[in-house]
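These are the structures, in structure tokens.
The following pair of complexes shares a single chain, subunit A, combined with subunit B in the former and subunit C in the latter.
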Partner chain A sequence: MKLKWEESGLKAPLARAKGLGSAKEGSEHWFMQRVTAISNLILMAWLIWSVIHHVVGASHADFTAWLAAPVNAILMILAVISVFYHAALGTQVITEDYVHHEGLKMIKLIGIKLFFFGAAVACIFSIMKVAFGG
Partner chain B sequence: MSGSSKKIQRPLSPHLQVYKPQMTSVLSILHRMTGFAMAVGILVVVWMLVAAASGEQAYNVFLHYVGSKVGMVLLFGWSVAFFYHMSNGIRHLFWDMGYLFKLQNAFRAGYVVLLSTVVLTGLLWWTVCPFNVH
Partner chain C sequence: MAEFKLPRHSRIEKGREIDAADKGAKRKKKFSIYRWDPDTADNPRMDTYEIDLDKCGPMVLDALIYIKNEIDSTVTFRRSCREGICGSCAMNIDGTNTLACTKPIEDVKKTQVRITPLPHMNVVKDLVPDQNHLIAQYNSIEPWLKTDSPAPTRERLQSAEDADHLNGEDGHGPAGCILCFCCSTSCPSYWWNSDRFMGPATLMQAYRWISDTRDEATGERLDQLEDPFRLYRCHTIMNCTNTCPKGLNPAKSIGEIKKLMVTRK
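Presenting the complex of A and B:
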């Protein structure tokens, strides 16, 4: 299968525009990976501290009581968004680097987005259900 | 020469396997591997939160599997992966800011990353251990 950059090297501007050229979003992915890296540092420091003090050895009642506290629920939701977003960006880069079959790559890239989005929704819904006492 | 229809077997540029593994290149691929391992580990986080929201029985099933031998080995592996990825991620952020590019400093920071991984992983499990052994 042809790789997308094989035909785009020395083309006239119009020909290149019709193909898969720049979408003017080149740095967005790189930048958001750094932004989420920094937010991960802060949120995971809190999460690891919390896991040590409130989660390890906790019963269901203990854990849900801890998670239901507004500050904990909010930070947990933020951690889920930050970490899952970072993971989606990272696995995307790995896929782009190592999966060379264009069709397979597309399936994997779409799968990654759907998986992490679905996983994040499942987590956020669960946190809210516990927090609102459902 | 010109009459031959046979495809000329030109030498290819060197591939990864001809290079001797160096500390910097090993740490680089480890960053990806640990990141990918944790992306898979997100399923455990989803399981935990959905189980907590589903009720006590579901949460106890989660605790049973996570507390099993295989569960603990996986948790230990993910904790090593986390502290490595975090430490090396900070090393990456320094590179992004333009520091640590001198080869000697890149190596030194690499050793700091390895030391920090061992120390932080040890610290976490040392802290958590007394709670686990009932």
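Presenting the complex of A and C:
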């Protein structure tokens, strides 16, 4: 598909500059990237502190018992959501920046959404399995 | 996808070396200038001209004019006002986009002053880039006062404080832009996505009208910019502010637009 902003000898420069018009979105993406950056900062600080104090050197039983505690399980699920949401938003931006083949870009953008959503669900399921004594 | 090498016909070759300075000249300097002629099949080349600085003015533009007048009349570049207000002589000098007329030769400490056209633009000839798309993008933001209320019988009034939003308290506000496009062509995001990203120069001008208290189309202007590419390709790299030869701050204007986008939610 030849898009309106692509090079064409006779295309009026203003038609190229206007392209397909404004998508009327983008601020939500930009805002959520900042929101998840803040939540990442808090949750990662908690995660690093937890790994040092509760995970390093702990036995499997100790670790699952720690993770099964409601506060830890909830914070871990929040960390998974925050990190994967942020990663999906960020990799989308990188793809839009650098992939210029429209078809390839679409495949990547769909792939990113499916992968990060799937990975987040898998992680959350795992945490719940431990938390509910699976 | 990313290209790591220029196309075969765009690769820069070594050009001629012309020593045009007298043997007894005390202040000699070499100017290495990008040359490409659309009327020949030759690749672009860097021609080097060595001149006596005592015979020309202090700015890089003075040297270019001296070379064109006295040595090689085929050297092609845009220039007009020679005092940094028309924006014609924007080019890349010693690795930075700037105006040749306000850039002192003395500032370049290297033995050679390397001059190339504004980066990542189609070249018309030598140092002249094709600005059609940049100008069209500027036109697309409708850079004029838009109102719905009936025209007053006298001037539309604005307080001095409100005018400061446009001119800046220090004179470095968005209205100080001369559209030389040094900023847009220094922006990596603009290099990769100039087809859809507006670029810092155009976005700063959009903000110039958004922040104008006399303009009544703020919402429409924001609507037109609310787009992942038009506005949000800006990743606050700040090359624009770094390179602006007028000392303006396009990055701040873009930041203000992003803040307004969230404020109106």
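We take it that the second predicted complex is superposed on the first by the 111 of 134 C-alpha atoms of A that agree within 3 Å, B and C clash if a C-alpha of one lies under 4 Å from a C-alpha of the other, contacts with A are read in each partner's own complex, and residues count from 1 in each chain.
By our rule, a residue touches a chain if its C-beta (ideal position, glycine included) is under 8 Å from a C-beta of that chain, and two chains touch if they have at least 3 such contacts.
Here the structure is a predicted model, which means the values were calculated and not measured.
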item: Subunit B versus subunit C as contact partner of A:Ala65, first or second or both or neither; value: neither
item: First, second, both or neither for A:Ala37, with subunit B first and subunit C second; value: first
item: Contacts of A:Phe116 with subunit B and subunit C, given as first, second, both or neither; value: first
item: Partner chain(s) touched by A:Gly57 [first = subunit B, second = subunit C, both, neither]; value: first
item: Which of subunit B and subunit C A:Ile81 touches, first, second, both or neither; value: neither
item: Subunit B versus subunit C as contact partner of A:Ile48, first or second or both or neither; value: first
item: Residue numbers on subunit C that touch subunit A, as the complex places them; value: 1-2, 132-133, 135-137, 139-140, 189, 192-193, 195-196, 223-233, 235, 258, 261-262, 265
item: Residue ranges of subunit A touching subunit B (in the complex, touch as defined); value: 34, 37-38, 40-41, 44, 48, 52, 56-57, 60-61, 63-64, 67, 80, 83-84, 87, 90-91, 94, 116, 119, 122-123, 125-127, 129-130, 134
item: Residue ranges of subunit A touching subunit C (in the complex, touch as defined); value: 5-6, 12-14, 16-19, 22-27, 29-31, 93, 96-101, 104
item: Footprint of subunit A on subunit B - complex, ascending; value: 32, 35-36, 38-39, 42-43, 45-46, 49-50, 52-53, 55-56, 59-60, 82, 86, 89-90, 92-93, 96, 124, 127-128, 131-132
